[in-house]
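Input: structures, listed below.
Two complexes, one shared chain (chain A), two partners (chain B, chain C).
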Partner chain A sequence: MRARWIPARLPIRWSLVVASLLVLAVIVWLRRSEPGFADKLAPFVLEGRMEQRVEARNFAVYVKRIKLAEAYLTEGAGFGGKPRRVAGDGIWMSALVEVEPLQEPGYVSAWLRTADGRDYVGAPQDRPKVRGVNLGEQELATGLLASGAYFFDVPADALQGAHLRFFWGMSKPGDMDHIIDIDLQLDPEAVHKLRTEAVPMIDLTP
Partner chain B sequence: MISPKSPAGPDAPPGWWRRNHWWLLGALLLGAMAFWLPYRDALREFVETRKPSHPIDVPLGTWADYEGSRWRVTGVQRQDMKPSSAGYQHSDSSLVVVTYEVLRGTSVTSEALDRCNGRMSDRQGRHWRAGAMVHSQLPQAFQRLGTDCGSRMGKEFLREKAMPARPFEFHHLFQVPRDVPTSELRGEIAFPPFKTTPPGAYLRFNLGP
Partner chain C sequence: MDAKTPDQAQWMAVLQHRGGLALILLAVVALGLIAAAGGFRRANASDAARYPEIRAGARAQSGAFALTPLRAWTAAAAPGRQPSGKRYLVLRLRAENLTDSAFAASALLQQDIVWLADGRSDERKAQPMQRADDHTLGVILQPELPSVVDFVWEIPSGQTLRQPVTWGVYGRSFHERGYLQGDGDAGWRQGDPLFKLVLDAGDAPAGPEA
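Let's turn to the complex of A and B:
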């Protein structure tokens, strides 16, 4: 037996059904096109080029030039150790830069991003061991313009179209922080010129 | 049975939405505030407990009470440095040594005082950390430079600790750009922000007149 309050025939308002389906479709579309958690926290990329000062949230970078070398001659182990030749697995690329922490002291790290998306992290302080020159893993003081270089051991064929990227910190760019992306303008001609100018060994002994 | 539609027209009584629109607006406002206010408080608490946020300004030479002890700056020394004194080539800089004196409170341990964070700031809001890496170039102060507030390295590398109610001197060393005058600088002593009262409170000593 049917309850007394239920009408004999429920009227269907098709316009309302269609409107509800449309609203549902819009909600699903909005949810699907919403950026993911990683996208929301992703760092902001600031683009720049060589010989241009680019300022990020807490540091500024000026890339003066880049050089290639087959190997470096660096200071030896211990006090008075014999200088040692440090050859790269690929080729050494050094980027001569000026870096300035703007608000607080800390570290500026660099890596080289190739045209096909591979990343090569800047070399640590002990390889090549060039005290006072390698700015990788070097704590920098606020407001002091540091002059030095970042070193990269990269395959020789990875240079074309590569970009140099900088971030504040040591391990990875902070959430929603800045990445400075420097276009090295390494077209085939520029790479050829760099390779022609590359020397078998650069003496970096103090 | 379906009730007949109410008559439409200029004389028709106002509908439910129109009769209750002020209530609905108020409910919407209250609902939004119910989300916004706790979020704002949580955000403020997060910021306050994350880094020092409430400076207590202290003129040079004046005592200040902070976290159960009394503090003051007794001296500031400044020395221009070579452009590679930080271990790398850099623009012109100066070393600034700030000498503090602390009267340790009876309920505070020297280990608790050592949890301090020594900083320096300028009027542009830039910060430096105590403990620049050039101690060896300041032989006259080498023995006592450090980053702690309740203990220091004494003679023969023995640690000296602050005793209750006895003046204890310690030094913090900073490396700053040479073009920043001392009068623009402030020495700061901060404890972990989530432990101070109020959260984020820290001492900020003016180093100039």
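Let's turn to the complex of A and C:
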């Protein structure tokens, strides 16, 4: 026997059911389309191009040109070590750059972002070992323009559409900090020209 | 005289009850299935099946990396270094970064390969990995650009090297950054042990790398 307070037939308001489902669908869509936590803390990208000075929060860069080489001849290990040939696993790309810390001394690091989103970080100080030239892991003084190069070991087929990126620090770009993105304008013709001009080995010995 | 103890009477009651009989049959079938699936075998016996053994020249993927062990040897010095009166175990392998970023990739691989001194456990971490061609440290593993690298372990004096030598490799998978404090950064996090590298380690190979 049914209790008195339960109605014989529960009225269903279909308009309310449909409205509720619509609201739920909108909530799910909004949740899914909102940026992730990492996106919210992502660095701010300042875009630029070759032969243009671009200033970020704490540093400025000016990319003069880029060059390819199969290998470098660099100074050897220790004192008086024989010069050694340093080959890449792919091909070496060097970017001649002027970089200037604006507020405090520190490090400016670079990486190459390919058209499909892969990140190739700049080479460390000891490979290729080119003291005073390799700006990777080199401490820079405030207000002094440092002229040198960043070196990248990259697959030869990754260059087309690649951008050169810079950030303040050594490990990785900081949350919500600035990064500078330089469009290298590497269309197929430019890549072909670079590869044609690439030399088997560049002598970087002092 | 057909006198039954209380226990026997209880069991008879269970067997005569259809539900009780069904439960017993179900338990027997479940035990049979567990036994058939290897649930009662000793764990040691299934170790090789749990962790595939990768030999020299074979390629295996750990999620973030593809690894091809090339050779292993023992020597009086780490490759490119001067002898120091100690013995070293060297594992040379080709490493491919399968992620889309070189940031910290070599530090991750450094954590993922351990020497299993007794072949199963007793994990030993390697010295910082170095390139095989010029022995420089600070290896960068660029995406989709295979590099040949050396992992080096100092062999404690008095320890006999168990042959073939076994290394364990941990898996790594990508995790998005979460909203909670403890979620950590987005990135490739180490998972469970995935496979073993098993190679004979002879004496140092002839050549400048030894």
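Annotations for the structure displayed:
Heads up, the rule we're going with is that the second predicted complex is superposed on the first by the 170 of 206 C-alpha atoms of A that agree within 3 Å, B and C clash if a C-alpha of one lies under 4 Å from a C-alpha of the other, contacts with A are read in each partner's own complex, and residues count from 1 in each chain.
Everything below uses one rule, namely that a residue touches a chain if its C-beta (ideal position, glycine included) is under 8 Å from a C-beta of that chain, and two chains touch if they have at least 3 such contacts.
Treat the numbers as computed from the prediction; the structure is a model and nothing was measured.
In the superposed model, A:143 makes contact with chain B only, not with chain C.
When the shared chain is aligned, chain C comes close enough to touch A:154, but chain B does not. Of the two partner chains placed by the overlay, neither chain B nor chain C lies in contact with A:51. Looking at the shared chain after the overlay, A:103 reaches chain B, while chain C stays out of its contact range.
By the document's definition of touching, of the two partners only chain B reaches A:132; chain C does not. Contact residues on chain B toward chain A in their complex (touch as defined above): 1-2, 84, 86-91, 93, 125-129, 132-133, 175-177, 180.
Across the complex, chain A meets chain C through its residues 36-38, 84, 86-87, 89-90, 111, 116-121, 123-124, 126-127, 153-155, 158, 171-172.
Within the complex formed with chain A, the residues of chain C that make contact are 100-104, 131, 133-134, 136-138, 140, 142-147, 176-179, 183, 185-186. On the chain A side of its complex with chain B, the touching residues are 7, 11, 102-105, 131-133, 135, 138-148.
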